[in-house]
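Common to both upcoming complexes is chain A, partnered first by chain B, then by chain C.
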Partner chain A sequence: MTKIDPETRIPDPIELDRLEEARLRGAAGLVPARATGGEYAGFDQVGIPDRPPQTDREREVYSLEEGEMLVNMGPQHPSTHGVMRLVVKVRGEIVVDVDPVLGYLHRGIEKLCENATYTTVLTYVDPMDYLSTMHNEHAPAIAFEKLYGVEPPKRAEYIRALVVELNRIFSHGLMMGFLALDMGGITPILYAFINRDEIVDLLSSISGQRMLFNFFRVGGVNFDTNDEFLSRLGTWRGNVLKNIEMNERMITDNEIFRARTMNMGTLTGRDAIALGVTGPNLRASGVPFDVRKAHPYSIYNELEFDVITQEAGDSYARYLQRIAEIKQSIHLIDQIIDKMPHGPVQAQVPGIIRPRPGRAYAAIESPRGLYSVYSISDGGPNPYRFRMRDPSFISLQAIPKLMPGRLVADTMAVMASFDPVMGGVDK
Partner chain B sequence: MAHLRRPRPATHALGRRRALSTPVAAGALVRTLTERLGYNLGNLWTDEDTVEFTVDGARNVEVLTTLRDDPDLEFFMLADAAAVDYGTDAHFEVVYHLFSWKHPAWLRVRARVDRANPRVPTVTGLWEGAMFHEREMFDMMGIIFDGNRDLRRIYMSPDYRSFPQRRDFVLPDDAADSPAAGVNPLERPETWDLTRFNEAPAVTFPPSSERDDAPAEGVEGGETLADKSRPR
Partner chain C sequence: MDWELLLGIGRFLLATTLLLVLTIPTAFIIIQMELKVIASMNLRLGPNRVGPGGMFQSTIHGFKVLAKEDTIPDQADPPTFTLAPWMVYMAAAMSMLVIPFAPGAIAADFNIGVVYFFAVLGLSVVGLLVAGWASYNKYSLLGGLRSAAQMVSYEIPLTLSIVGAVVLAGTLSFSEIIEWQRQHGWLLIWQPIGLGIFYISSLAEVNRTPFDMVEADSELVAGPFTEYSGMRFGFFFFAEYVALFIMSGILVSLFFGGWLAPWPFPAQLGGFAGTLYGIFWFFLKTYIFVFIAVWLRATLPRVRVDQLMGMAWKVLLPLALVNLFVTAIAVVVFEL
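Here is the complex of A and B:
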């Protein structure tokens, strides 16, 4: 826990408030307020649960020293990227400790999937991380194909890689907008959403649905490319670099943005690995771990690309990493379109499959990191156990490590740089 | 009459069967594993990109420390930690998936945990990030991790008493009958107050004579067309 130097301590708002409250009460002829059960307990008691703490850590967070108070950020806070609550212990404007409280969006998707057939599981995982829907379907599809012992045709693999990279581009593009939005910059998010809508329209023209695409099938994809998709793709490819660069120009060299992201929330590679942070956030700390290279799935061993890393590990590096990966994805899409073979897009697989008993693990690189599925079959029509590892759920553990000693206003800025999506965090 | 037969799909459309039991090119890994962990290595098994073995739950820290710190293994990253319930008359398993640069395979360590006394040492000392994994396993399966200093519920509310992902927890329709019935009143129908639904006045459309868009058939006996079309 960070200790604040008493020399630099700013005037304590709690003390000032207490004095003001006592003055007003005296003027109104009331007795002084005292913390008793059922009555207003005073600033220093707000947010403390009315039950004994269950763990050491909970006791540590919810016991206040003189001058500290608890502030709830969320659950309905516009910049928590979903429904999440951060209990922030503050001393004045300085964060002392953070405790994330999750579960507001918990739908029990794993349990639902264990009661669904293998085909319908691919529809349940869609709303999990709702900004990377294609990735959500990719890992279960690979796992079930391993279990069932079927391999999708080559063209299906290429279409999968194409839609997955398109999804990565709009997800990273939104992160750029949200990060600026959480610091008060409203313009970039509008352009980010324009760019996103172009890709979403593109993907809906191939999958038939707009946000929860439900495009992957066990053994292939639902539809082949069509004329509308291809013509839209060409238009999009002609404009995308210009659009991205326009958004980038608004943010990258902005003085306020740089001041609030550089040297902010710096995570070393060693800490990031220990905390389970993966994906662009880990690569921004200098660790070249990318599942597409480390354990190539789909067709990624046929494409040429390098793992991009940054050195700094701060919020700004995480932002730069997203931009670099957008450009890398565009490069990958060019290669995929060049190499895409002709042929069918769906292997012949029955609607209800009963894989033989076994276990399969499939990991993919989602825009938020390592997304993996561990599926166990007992020979029946639905998975015996279906486990999803969501990257933003695990990456969230970095926030309580990074925030102590920083300003309250920077909590959301650092959190946005990790780009969590609460649909995935709460499953 | 060969031309009347349905054409066979091309081979690539049919999908090549994957060989489920083909060992990966991970012979070196298997050799090193048996060398270093031979005495508590059970059920060594490989598929196309995974090597797995089982250990006793009580030895998980010892085994994972070797896997992480041994210079020939260096499984430095905990990719996943999940709990599996193998049924009321069987056992739990805590499954760790590890990654290493040195070996071309995911390593899966299945730690067996007693179901009557589901306690297992924590691995938060090895990877700090195992904290949320273990909190989730505690919340969903009720496995207790000895030494974890923040083992509270993470998704369900703190006063919840069941463990929803155990096999003996049935879905909320009949959760009240399950041996692990929760304290959430929504899951206990006998506590529901349904009077406001029973006493609510029936919603009917105004008579067809007063409506401009009335359908050709009138509404009989207070029943709407929507009521009629409903299955009885």
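Here is the complex of A and C:
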């Protein structure tokens, strides 16, 4: 026990921490901590360890000029979708730069899939983009069928198309709600969930689960339609347009909503293509690219539909695009029900699938865009390589391009209009 | 000994105590309304476990915040941090002094009640700014600065919008304005534009949707309140709802006849019965406007901060000035 000189001033604990840190740094042979206000002062502000910037982009984002500050939006934030983290550089209320930081929800699904048999891969991909579970299963199912060389029966294809369109409707419906929620409108999201709940009940009556459906199989689907599914489908079909319209009435012509989304986050078609943005976000910028039309898979070449596009490319156009696609999907569902053939729903495949060595690529149109799977087989029971392209990951690239010069409030509104799902982004 | 003075002081103390106590059930009732009304508008059930139909949910919330741990962030500034909720709450509670509940039921019937009201209610912005600064949090700081910008800007159209009413009534005392309305009809008929400007500005002044830029939960987490917990947060929360009640009450007093019934006030009702009658009408009308504010919250998204300021300076302020100008000319020309 050292004796304390009563004359000594009792040191401030914060100062003690600083001294201790300097001592430890000296002992470890590190450079002394940089004083705040230095070249990379931004690191300090968002909790990044003090180190030289790794890339030019990092240097650009994390060095601050006079009057700028960095704000962490997420990973814990009331409005970021899931665990997205945006490091926003602001000057007052004006956004100067945005740096999305990803990886908080990374579960290594691709690696998990490489260690799973082809049949069980379809269960692992479910929680990826958790709002479009059916689509998550669709692309690997197609890819594995190509690898193994098996054709699903016609009825299975029709049931697949039916469930993915149902999934698309609730996913787009939720986007309407989340977009409004990120602007402070609390009701549309709950109306959207009414519609979602009906569809989820519907899908659970055919697949047995409410969220991670695990419905697709290599060479078919798990179950045929049943009476409960069909009767629920009829009820839902009667309500859906009314539900969507009820929600639309809250938002579409709302003066505040229009003022906040029109001319906001405008992405031109050329930029959207350059950034790799696909799906409704691309079509909202006026580029008529829809995988269902451009590279027809499943039974989409037997159905009648047009590629819907919007002109403006702003947040409002992206919102309108979603609504138009909901109505298009309902139209598609009507056609699918009319044309659905009888027959088996599962082709003959062995319990453990061992495709010949080769590679297969399958792309589908998920609610967020082009979702594709690239899989390599080495002849074993599990994929040698399994890689997924998730559209929301690509869409996020557009946000740093669109935000500079806008206000903090718009960050959330524009991000919500791209409808990213972090489960898909981080995989 | 001046008994008059002592009596006055005693009456004032009683009234202020009563008003302070009144803030508690007021906040509870409005919070409960917000829980249940928004729930039914969202097609939800809302809270339904505490008490019959969940009617004590907000009371339980109140006790919950009392029991919560009260934290102060390491780098916050304790004196200002602890003072800020008090400042906001007192601004709301003090402005209750001049609210005319019924004939005779008004804590302090100043002859400059209107001026006092806007002066005191405006103080709450200081509390919010202090809270935002003292928390040592970027969201809080942004929220605090927003509150300063927003509330100071909206105070101008808010105050100007009632000058027309004041010019017509020829008085700054709330009870005399109501008396004028008894004789000439509600100011709603005389000052429709003033009413519109007042209503919009008052929503902005008490930070209600669609103008809740200060809290803006989807952008700023909870604005200046982010770092607050326990009863300090509770005070902010209370102040917000009390301010909503007060603003609705003032709106009713200025434009909807205050304690007056929609039909002529029965002259034979005097004394205590008359007071009760007045209180009934005052609370009924006030809660109608509180309900409308809750309704708006369930319906509208939030405007953006630049749109908000643009509306105050480019639309409401010129409109309020024109309204005042026209009213003043009319008063002079028609000798109202």
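Observations, loosely collected:
Here is the rule we use: the second predicted complex is superposed on the first by the 378 of 427 C-alpha atoms of A that agree within 3 Å, B and C clash if a C-alpha of one lies under 4 Å from a C-alpha of the other, contacts with A are read in each partner's own complex, and residues count from 1 in each chain.
We take it that a residue touches a chain if its C-beta (ideal position, glycine included) is under 8 Å from a C-beta of that chain, and two chains touch if they have at least 3 such contacts.
None of the values given here were measured: they were computed from a predicted structure.
Taken together through their common chain A, the two structures put chain B and chain C side by side without a clash. Judged by the touch definition given at the top, the superposed model places A:Val71 against chain C, while chain B stays out of reach. When both complexes are overlaid on chain A, the residue A:Tyr361 reaches chain B alone and has no touch with chain C.
In the superposed model, A:Lys242 lies in contact with neither chain B nor chain C. Of the two partners chain B and chain C, it is B that touches the larger number of chain A residues.
In the superposition on chain A, A:His342 contacts neither chain B nor chain C. In the superposition on chain A, A:Leu181 contacts chain C only, with no contact to chain B. The least CA distance from chain B to chain C in the superposed model is 24 Å.
Shared contact residues of chain A with chain B and chain C: none.
Chain A makes touch with chain C in their complex at residues 14, 69, 71, 77-79, 90, 92-93, 180-187, 190-191, 194, 250-251, 254, 256-257, 259-260, 407-412. Those residues of chain C that touch chain A in the complex are listed here as 38, 41-44, 74, 138-139, 142, 145-146, 209-210, 212, 216-221, 297-307. Of all the residues in chain A, the ones that touch chain B in their complex are 49, 51, 54-58, 102-103, 106, 108, 110-111, 115, 145-146, 149-154, 219, 273-277, 289, 294-295, 343-344, 346-349, 356, 358-361, 363, 370, 372, 374, 376, 385, 387, 389, 393-394, 396-397, 426-427. The touching residues of chain B, when paired with chain A in their complex, are 9-10, 12-18, 20, 47-50, 52, 76-80, 82, 84-85, 95, 97, 99, 101, 104, 106, 108, 127-133, 140, 149-159, 164-165, 171.
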